[in-house]
Amino acid sequence: MRDMYDACHIAVPARDLDEAVEYYVFGLGVKLARRYADRVTFDFFGDQLVCHLCEDVPEEAIAYPRHFGVSFAKAEDFDRLVKLVETRKLKTLSGPSLRFEGTAEQHRTLFLVDPSNNVIEFKNYDDPRLQF
Amino acid sequence: MRDMYDACHIAVPARDLDEAVEYYVFGLGVKLARRYADRVTFDFFGDQLVCHLCEDVPEEAIAYPRHFGVSFAKAEDFDRLVKLVETRKLKTLSGPSLRFEGTAEQHRTLFLVDPSNNVIEFKNYDDPRLQF
Amino acid sequence: MRDMYDACHIAVPARDLDEAVEYYVFGLGVKLARRYADRVTFDFFGDQLVCHLCEDVPEEAIAYPRHFGVSFAKAEDFDRLVKLVETRKLKTLSGPSLRFEGTAEQHRTLFLVDPSNNVIEFKNYDDPRLQF
Amino acid sequence: MRDMYDACHIAVPARDLDEAVEYYVFGLGVKLARRYADRVTFDFFGDQLVCHLCEDVPEEAIAYPRHFGVSFAKAEDFDRLVKLVETRKLKTLSGPSLRFEGTAEQHRTLFLVDPSNNVIEFKNYDDPRLQF
Amino acid sequence: MRDMYDACHIAVPARDLDEAVEYYVFGLGVKLARRYADRVTFDFFGDQLVCHLCEDVPEEAIAYPRHFGVSFAKAEDFDRLVKLVETRKLKTLSGPSLRFEGTAEQHRTLFLVDPSNNVIEFKNYDDPRLQF
Amino acid sequence: MRDMYDACHIAVPARDLDEAVEYYVFGLGVKLARRYADRVTFDFFGDQLVCHLCEDVPEEAIAYPRHFGVSFAKAEDFDRLVKLVETRKLKTLSGPSLRFEGTAEQHRTLFLVDPSNNVIEFKNYDDPRLQF
Amino acid sequence: MRDMYDACHIAVPARDLDEAVEYYVFGLGVKLARRYADRVTFDFFGDQLVCHLCEDVPEEAIAYPRHFGVSFAKAEDFDRLVKLVETRKLKTLSGPSLRFEGTAEQHRTLFLVDPSNNVIEFKNYDDPRLQF
Amino acid sequence: MRDMYDACHIAVPARDLDEAVEYYVFGLGVKLARRYADRVTFDFFGDQLVCHLCEDVPEEAIAYPRHFGVSFAKAEDFDRLVKLVETRKLKTLSGPSLRFEGTAEQHRTLFLVDPSNNVIEFKNYDDPRLQF
């Protein structure tokens, strides 16, 4: 468990801030907190995501080693995310699929890609105690 | 505010897993959750950090655009982190310093560097409502 | 005390949605949740504010009987709001001032006005038990 | 999520305070907090509703753009409200009905009218993350 | 909702303190907090019950107007209490039964009697919002 | 600690319901939840107090063995109650005073009397762990 | 209920610290917090377990009187633990089985043994109120 | 942080159950939950302590490797415990003293001894994040 008043902070590059707002707010359904000339900040599932304007973004989306996202404690929250991705036809990199099948740390996973080829992963562990 | 049962998920490269454990557990004081041949997972201030074994890590630490960390709601939690960094002589990239001074979003910040040149930022906003 | 998972819902008219976004997000520091052709929705201090595009907005701001806002349980949260209003030079209608002075329900209050002449009130009761 | 110690504040006109108490306390089941010569305050689902005595109330109830209410995170809480409205035969303006059907922000909604023609909306989003 | 750190305080007469401990701790399953020559205090479902040694206790148990107990928000907690009463064969005054049937404030109720003829009521409202 | 969704339930006699409402709502600042011909229910500091209409109320207020009230975990909440009692000139039976002085269970206490001679006690233990 | 910010503290002997880490982290799935020459500390289901290096450990595992573990409030958390024990083939001393069957304090229990013959018990009471 | 609905479970030997009740309830101020012929269970600071009747208890109190207790997140809770120990003249084994001085994991500690020579440790870390 984590402190609900703190925020995890994630900063990634974005080649275009309007595009980032379009994707995160109108696609993923996260909230726009602030916008500056060179960056935009989001309330990303309760944590802080900052997209910094940057010409140098990956040419293609590669899942490992860099990505970020949310591990939902409740299966229904993962289901809702999957449904939103389908309804809004967001681009997926892989999944939803099952990983570490048959082990205690078995979990469902879904990889998305933002317009700057940042990779986002959503997960749901059968046993939320093992989501760390 | 965020759900205290979910976990934010961050994945970064590490050139050496022992080195990552040494830095994160015995340096920053985060907890080791699991370890595999190719990755190690941490309970990083209540969220999940995964270090993936990877030969291709940055040659030097560059603060922008990629970094991750924690925005503490309470000033005393930021103070404790600063004190731990001093006591354990962890390598800093910059700070602690004050940013956006004189504005509503004024905050203290401290940048650290892990052994694989991943950049970590800790923050504390005067007004935690603006930490997103 | 209220359920932290529910949201209070407030809908008001706005003569211009861009103006509303400018005021609420970049002025008051609330978060933009969604935007449609005829409305924009905000995460307003944890509750839902919807500004509906509407030609018929008040010609001038009148404090009573219609307004909405937040009653902060902690004095420091009211102080932070007052400071943000000063720093960002937001237009006030009256206050900060003290009301019901000398009674058990004594509280500080500050009235703001949005670009469509909707009135917003922030309060802080000496005894938060009486904030209802 | 919102702070459970703060209260959202909503002020509306009422042509008669006894009538307001009758409707809100004995109809909707909210709690009477305080009463003055010119106003009455309620603990409205954990937030503060104030009805100000005012001769100038709307001649008829119009749903947009002004209304207020609650967005319930749990479906069962919306169901209970619907049941109470039926049991106590409270006057509805429209619904319960489904809005934004087939989209990620699909939700159930119910519009009520108080004795001074203030419009009250109760909602329940399929995905509570989108209730803002 | 109530503050979870505060405690409601209830004081009642007891003709014999050993008997009170026997009933409350080994019967109802509440916890013994402290004991003095003239009183014993219990952690009664999270609140404080004090039984004061007193010769003058009621000759018979009368449900109204004086009694105390717990209104459970969740049906399963009421079910568990009913089961404990059956399993441990605690003396009931009436119920479990349904009251205010068909109204919004419909609830289940169970009346017990302690050895000093104090009446204890457990309740569960269909709509916990109306349990006040 | 107690469950914040449940409510402790206390029922006492009242010789006159208007008088009870006057005292509890406009005096003590608790909230009126419902009223019937023979009873009135209050949200009493988050718990449920019911005053049953009853001709047989005590002729005078006697502190022991029957009374009810709140044990505040925080000193400032007790201070606020004391201040409200002074400001609104509510009738006290005894206190504020210190009890069990010099012992681990030392606490401040204040006894009030309602119009039907029911005794109400507010407390604040130096060590809230011992408030049971 | 317990304070979620405090930690229960349990210290036991371990004949070999590597073995302890292997068992607790890679077996039971608890988190490694810190390690010293003579001890290792774990975040054991949210509480602090310390294994002190010690030559004198029990020759065999004996369930009573010394053991420690977790009493889960929710049945599903006990189920998950049982499943992890099966999946990872952790050594059990007895159970899962039912104890105090037919009484109010009926509960499921499972006894494990760590490499230093410390006994660990996991439980789930039908009525979590009686888990103390 | 830990789940506030679960309970940590600790079982230790006691040579005499009355003596255990005397020490834990009337000494340390924990609550008696249940008592059987061969054991007594306590709500020990929100967790479950069980004292099993056992002839074989340690002849003298030895601090390491076996002990149990509480690590308080707040300094004032440790202070209160120290004060209670002084006021009630409970037997101490060592402390209150400071350990790991000058390091990030610096903490205050106090060792007590129960009548069966079980050792109890209370702690307070300067940085509660490191209390695991």
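First chain written, first letter: the chains are A, B, C, D, E, F, G and H, and each begins at residue 1.
Note that in this section contacts are C-beta pairs under 8 Å (C-beta built on N, C-alpha and C of every residue); 3 or more make two chains touch, one makes a residue touch a chain.
For clarity, every value in this text was computed on a predicted model and none was experimentally measured.
*Asks:* Would you kindly give the rotation angle relating chain B to chain H, two copies of one sequence, based on a CA superposition and rounded to a multiple of 5 degrees?
*Replies:* 90
*Asks:* When the centre of a chain is set as the mean of its C-alpha atoms, what distance in Å lies between chain C and chain H?
*Replies:* Each chain's C-alpha centroid was found; their separation is 49 Å.
*Asks:* Could you grab the centroid distance between chain A and chain B? Build each centroid from C-alpha atoms only and quote it in angstrom.
*Replies:* The mean C-alpha positions of chain A and chain B differ by 18 Å.
*Asks:* Suppose each chain is reduced to the average of its Cα coordinates; what separation in Å results between chain C and chain G?
*Replies:* Roughly 50 Å, centre to centre.
*Asks:* Approximately how many whole Å separate the CA-defined centres of chain C and chain F?
*Replies:* 34
*Asks:* Note the residues in chain G that touch 2 or more other chains, in rising order.
*Replies:* 1-4, 29, 31, 33-34, 43, 45-46, 77, 105, 130, 132, in rising order.
*Asks:* Which of the chains are touching one another, listed as pairs?
*Replies:* The complete list of chain pairs in contact reads A-B, A-C, A-D, A-G, A-H, B-C, B-D, B-G, B-H, C-D, C-E, C-F, D-E, D-F, E-F, E-G, E-H, F-G, F-H, G-H.
*Asks:* Chain A touches which residues of chain D in the complex?
*Replies:* 1, 102-105, 126-127, 129-130, 132
*Asks:* Could you pull out which chain E residues touch chain H in their complex?
*Replies:* Against chain H, the touching part of chain E is residues 25-26, 29, 31-35, 43.
*Asks:* In the complex, go through chain G and note every residue touching chain F.
*Replies:* On the chain G side, the touching residues are 1-3.
*Asks:* Under the definition above, what is the set of chain D residues touching chain E in their complex?
*Replies:* For chain D paired with chain E, touching residues are 4, 29, 31, 45-46, 77, 80, 83-84, 87-88.
*Asks:* If we count contacts the way the header does, which residues on chain A are in touch with chain B in the complex?
*Replies:* 1-14, 31, 33-34, 41-43, 45-48, 51-52, 54, 64-74, 77, 105, 121, 123, 128, 130-132
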